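Okay, so chain A shows up in both of these, paired with chain B first and chain C after.
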Partner chain A sequence: MTKPSLAVETLSICSGCEIAILDLHLALADVLDAIDLKYIQVLMDHREPPKEGVTVGFVSGGVRNEEHLERLKMLRERSQILVAFGACSAFGGVPGLANLHTKDEIMEEVYINTKSTVNPKKIIPPKIVPPMLEELHPVDDFVKVDYVLPGCPPPPKLIAELVTCLLEGREFHLEPKTVCDQCPLIKEEKAVTEFKRWGTDIVFTERCFLEQGYQCLGPSTQAGCEARCPTALSPCRGCFGPTENVEDQAAKMIGALGSIVVQDPSKAPAPEKIVKEVPDLVGTYLRFTFAHSTFKKAVHTPTVKTKPMKATT
Partner chain B sequence: MSTEHPKIGVFICHCGSNIAGVIDIPKLVEYAATLPNVVVAEDYRYMCSDPGQDLIKERAREKGLNRVVVAACSPTLHEPTFRRVLENIGLNPFFFDMSNIREHCSWVHTHEEEAALEKAKDLVKMAVARAAELKPLEQKQVDVKASVLVVGAGITGIQAALDIADAGYKVYLVEKEPSIGGHMAQLDKTFPTLDCSSCILTPKMSLVGQHPNIELLTYSEVREVDGYVGNFKVKVERKPRYVIEDKCTACADCLEVCPVNVPDEFNAGLGWRKAIYISFAQAVPNAYVIDTEHCLGMTPIACGKCKDACEAEAIDYEMKPEILELDVGAIIVATGFELFDAMQQLEYGYGKYPDVMTNLEMERMLSAAGPTEGKILRPSTMKKPKHIAYIQCVGSRNERYNAYCSRVCCMAALKQARQIREKYPEINVTIFYIDMRAFGKGYEEFYETTAREHAVTFVRGRVSEVRESFETDKIVIRAEDTFLGQPVEAEVDIVVLSCGIEAPKDLSEFARILGLQRSADGFLLEAHPKLRPVETNTDGIFIAGAVQGPKDIPDSVAQAKGAAASALAMVAAGQVKVQPYAAIVNEDLCAGCGICEASCPYGAVKVVDNLAQVTEAQCKGCGTCAAACPNQAIAPQHFTMEQIIAQLDALFQEAK
Partner chain C sequence: MTNKNWEPKIVCFACRWCSYAGADMAGTSRIQYPANARVIRVNCSGRVDPQFILRALKLKADGVLIAGCHFGDCHYISGNYQTSRRVALLKEYLKEIGLEPERLRLEWISAAEGHKFAETMKAFVNEIKLLGPNPLANGGPEK
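On to the complex of A and B.
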């Protein structure tokens, strides 16, 4: 009997997700016994996944250039099951924040403007390297994804669970609760009088960060990580993205923030003051999911005239 | 029934010409008939009338309707009416939606008939879309505890407590001061009859003190209110009096030995009291209280004289605050008002010139039991004044302070002027006013008599400045006489500021504890300004008296009786119907983050064991939690996400 095989494709990513596979530690030995690891560039010297016999394809990273797109489509064609592996592949991840700028702006910034660059002739890389797409896309913009394993990186425990599920032919499913469900911090009363930036004031390490006025995305983020950041005394940044029944993580989180402000209007912070304490709105509420949100990218030139009221559904 | 294919009837009301005068009804009916699932669309002059209701019943039977949409006025007015119609024909009353094409359309678009028709079409379209998604709901009954909490024991709270207690129900009357009586106890006489205030108040106070059904909790404050209509759990803190009420005989032996003198609040600071004191002779309960802020005995080595002097052994320095837990069926809030702080209005010199005083200070001076035993003296010289001026609307009808009219200061000033003129015809009284408001029964007559027979002078014009004279020891008032159209100046001995009525400063916190809303003026908000003046948006909590807005004594008493009757009706029925709107928690999604709990204005949601739980009877189905929940794990039953999405989808569909 041939073992089921696994291919891991790496697109626009830091490779942390692949390292997370190695973080299985001793369990890795069991996994390697049960499956045949055919292709993983950070560990093995192959150019592309085998043409046939790939049971499961993991794709990590978003799609930034044409090569990524080609490789993504190749993996989809060659594997029976495709898993969006990690926040970048599922939602665009941190590289998705580049969608706040156009492709040309990014090229100019990187190859000309940065202080450390010496490029007197202002040469932008020629076409022999894979051309950049206009923006970064999560993989489900192009191909059908069978399973999503979010996280930056996905926790090894969930990787093992996913692999086990696939080997045993079971469905893999994350219970659609949010991080707060697993968070060990103590929730007392949400009556925030002041929102604060992390590092600007004392943090009580046992109490819910939101209740202390710090931005923690736990309430609007898919559970599964066992609240690893709050457990390590850092607020949740939302790398698991929204749960399946939520359209937009940021909208939900901002909507919730209004409710945790103290009800007495004389003690409540002024709206302008709250906005001032969140200088980077997108980076705060859509750090990992901007490319997958309602907006997906910044609109630079408002050329489309929107009709008031009668929009098509 | 919910699985049955929806058959919707749309009934459009003309509301006389209120709607039909603006919106083209035949066109709207024609449009409604084309909407999905609509089997009949009709109009009628007054849909809420009996023939209108009969029309709905008849069509429902003929066409086998299972959903009804009425396009008419606001659901706050007639939703209950039409729900009863559905009930009568055997339909679940929640298979009904109302589209408000009067307040939301014809009344606000009177001069835009075409646009109003388009908007009415949209509103009807959305109601029809929601109707198809409605679910049948069951109304529940909850038991009502046979007791009432009355907060505040001024004349309003006293009257409400007496009415309820007389009807045979238990009343807890909570008052934060050491004695009941409120502001009325401080008044000398009342307008327009010039009754002696304490003569009509103290019999009621004494009744309260002795009533078998009233448990009087003075020097106490409500700290926590939990629960819901019919079943409130209230925590009341009894502050330590340091004098055992039952033992104290009010013999005044302690007063003689107490070495501390403190300005007397009851006399508006005009007199002195001791650190152990009783507010006034007829106080109920008739027991002393120790003011710990000034008492030396709290450190026993320093003093302890009163304890030694007390033969009844009523003094106990070791007394501790006590928390009482009460179970009540209804709550009446009658916490009254505070006087506007005249120090805020700098140009009138209160606090700067001793001869500028407030109307309350004058009232105490006029009182035979007051610090001057009814004699009017000029504070700076302690001699009889020759000329007293009243400045009206201090802190009222002024956008810098309070925009509203305080309603009692005109009459109070007239009454005091009359009292002064009757007692001392040689003292001149001038009233500076914006306009005199004498609107109650017998008030205008009182005003006329005061002006004519008692020769009080009236100057119409707001006072711009009050200062001490440069030449004499008098006070100079500058104002514009708007009848003469020129500035006037008057030299007087005493200036009385008619300070207005304000919501108490701690009302915002108290409103939060009770889950009540306040109106823009800071007072508590009633459920409907005309038709539900003593109810609030929280079932089972009623308001009465000046806590709802400035009021004189007759109006406060009338409201007290109204609130008492409303509370009694509920308590006597023994059971109350609860609307089945309550939000439901999806336990598969809820992570127990507590955002819903923080958002709920009614305190209906609590997180228990990492899951949100809704107390049905407390939930009003407002949907705030549904909007706040970051995981869509909670939703009210009568405004589900499906229903809202159906409405939005209908609205944003391109017109066919």
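On to the complex of A and C.
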């Protein structure tokens, strides 16, 4: 019997996801025994996945330019099972925050405005590189995805679990739980009187960070990482994305934030104060999932505004 | 271009214990108010999941009004306090992604305040008319 084959395609990424595969360490030897690795750019010198196709395709990274899109479609055609591998691929990841700006704004900022740039002729990139799309897209904007393996990057243990499931022909799925459900920190009472930025005050390392007023995205984030950040004494930043059936991770977090404040109105911080205590709301609550949120990108109103209508009573 | 006959579409989430009854009161007392709102009854303003609000705006509602019990009157004690925090954060969210925060409005209206319900609706409709259609509606409302 021929071994199942695997191709790993790399789009708009930092390569952390590929390194996570290598991080399987000794388990990698077992995986390589069981699977025929046909294509992975960080390890092998091929240009594309094999024409005859593979059993499983992993795609890491979001789709930012036309080349990415082409490569994604090619991998989809050539794979029986396609896995969105990592937060960038599944939700756009951190690069998805660029969707707060238009493509032109980004180009201008990068090629003209940055302090370290000398570009007196204001030349915007040469045409020989693949043209950028208007936005960064998660892969499911374009192709059908069979499995999602979230995380920035996905934890090696889950990678091994997914591979085992695929080898044994079992379904892979994450439990419908949140990071909080797996978090070992002590949850006592939801009675926050003030939200604070991490590092600006004492942190009790055994107690839930959110209950101490620090932004921890546990309640709005899909479980699966075994709460690796809170366990390592750092708040969850939400890299597993929202739980199933939740569209917008920020909506979930805002919902949670409403209810963890102390009940006694005389002790509760005013709503406006809370807003000030959450600087960069989109960057905090949708750090990995802005490109996969309800709006997916900023609403860019054209600069020439139509005259407002006269109000009638 | 704003269509001359454009009328704002407003989604109103009204708490059944107060504002929904307030809206009824406005109706039974025959107080006139603009017919722009689709009123959705909820059990408490605190039941309005932030996702509902985002979804309404994404689906091109021009404005979203949340109406609940006055502080101290919420049947679930703290539902309206929670809502006040969520709405403040949601407004900030809208601002950051380039939607006018004024499209989201929170009001406390009791069951006896039919008049206030009507006034609120009038004022909100006017404000939204000044803002124009939801920018996601591509310059014109759907028919």
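Everything below uses one rule, namely that the second predicted complex is superposed on the first by the 300 of 313 C-alpha atoms of A that agree within 3 Å, B and C clash if a C-alpha of one lies under 4 Å from a C-alpha of the other, contacts with A are read in each partner's own complex, and residues count from 1 in each chain.
Following the convention adopted for this analysis, a residue touches a chain if its C-beta (ideal position, glycine included) is under 8 Å from a C-beta of that chain, and two chains touch if they have at least 3 such contacts.
Note that this is a predicted model, so its numbers are computed, not measured.
After superposition on chain A, the partners chain B and chain C are seen to clash. Applying the stated contact rule after C-alpha superposition, one finds that A:Cys180 touches chain B and leaves chain C untouched. Using the contact criterion defined above for the overlaid structures, shared-chain residue A:Lys190 touches chain B, although it does not reach chain C. By the touch criterion defined above, A:Arg170 lies against neither chain B nor chain C after alignment on the C-alpha atoms of chain A.
When the shared chain is aligned, chain B and chain C each come close enough to touch A:Val246. In the superposed pair of complexes, A:Gly255 makes contact with chain B and with chain C alike. By the document's definition of touching, both partners, chain B and chain C, reach A:Gln263. By the touch criterion defined above, A:Gly218 lies against chain B but remains apart from chain C after alignment on the C-alpha atoms of chain A. Within chain A, the residues touched by chain B in the first complex and by chain C in the second are 246, 252, 255, 258-259, 263, 265, 309-313.
On chain B, the positions that touch chain A within their shared complex are 508-509, 512, 588-599, 601, 607, 610, 624, 627-632, 649, 651-655. For chain A in complex with chain C, the touching residues are 100, 246-248, 250-252, 254-255, 257-259, 261, 263, 265, 268, 271-272, 274-275, 278, 280-282, 285, 294-295, 297-301, 306, 308-313.
Residues of chain A touching chain B in their complex: 175-181, 187, 189-191, 208, 210, 218-220, 223, 243, 245-246, 252-253, 255-256, 258-260, 263-266, 309-313.
Within the complex formed with chain A, the chain C residues making contact are 1-2, 6, 46, 49-51, 53-55, 58, 71, 77-78, 81-93, 96-99, 122, 126-127, 129-132, 135-136, 139.
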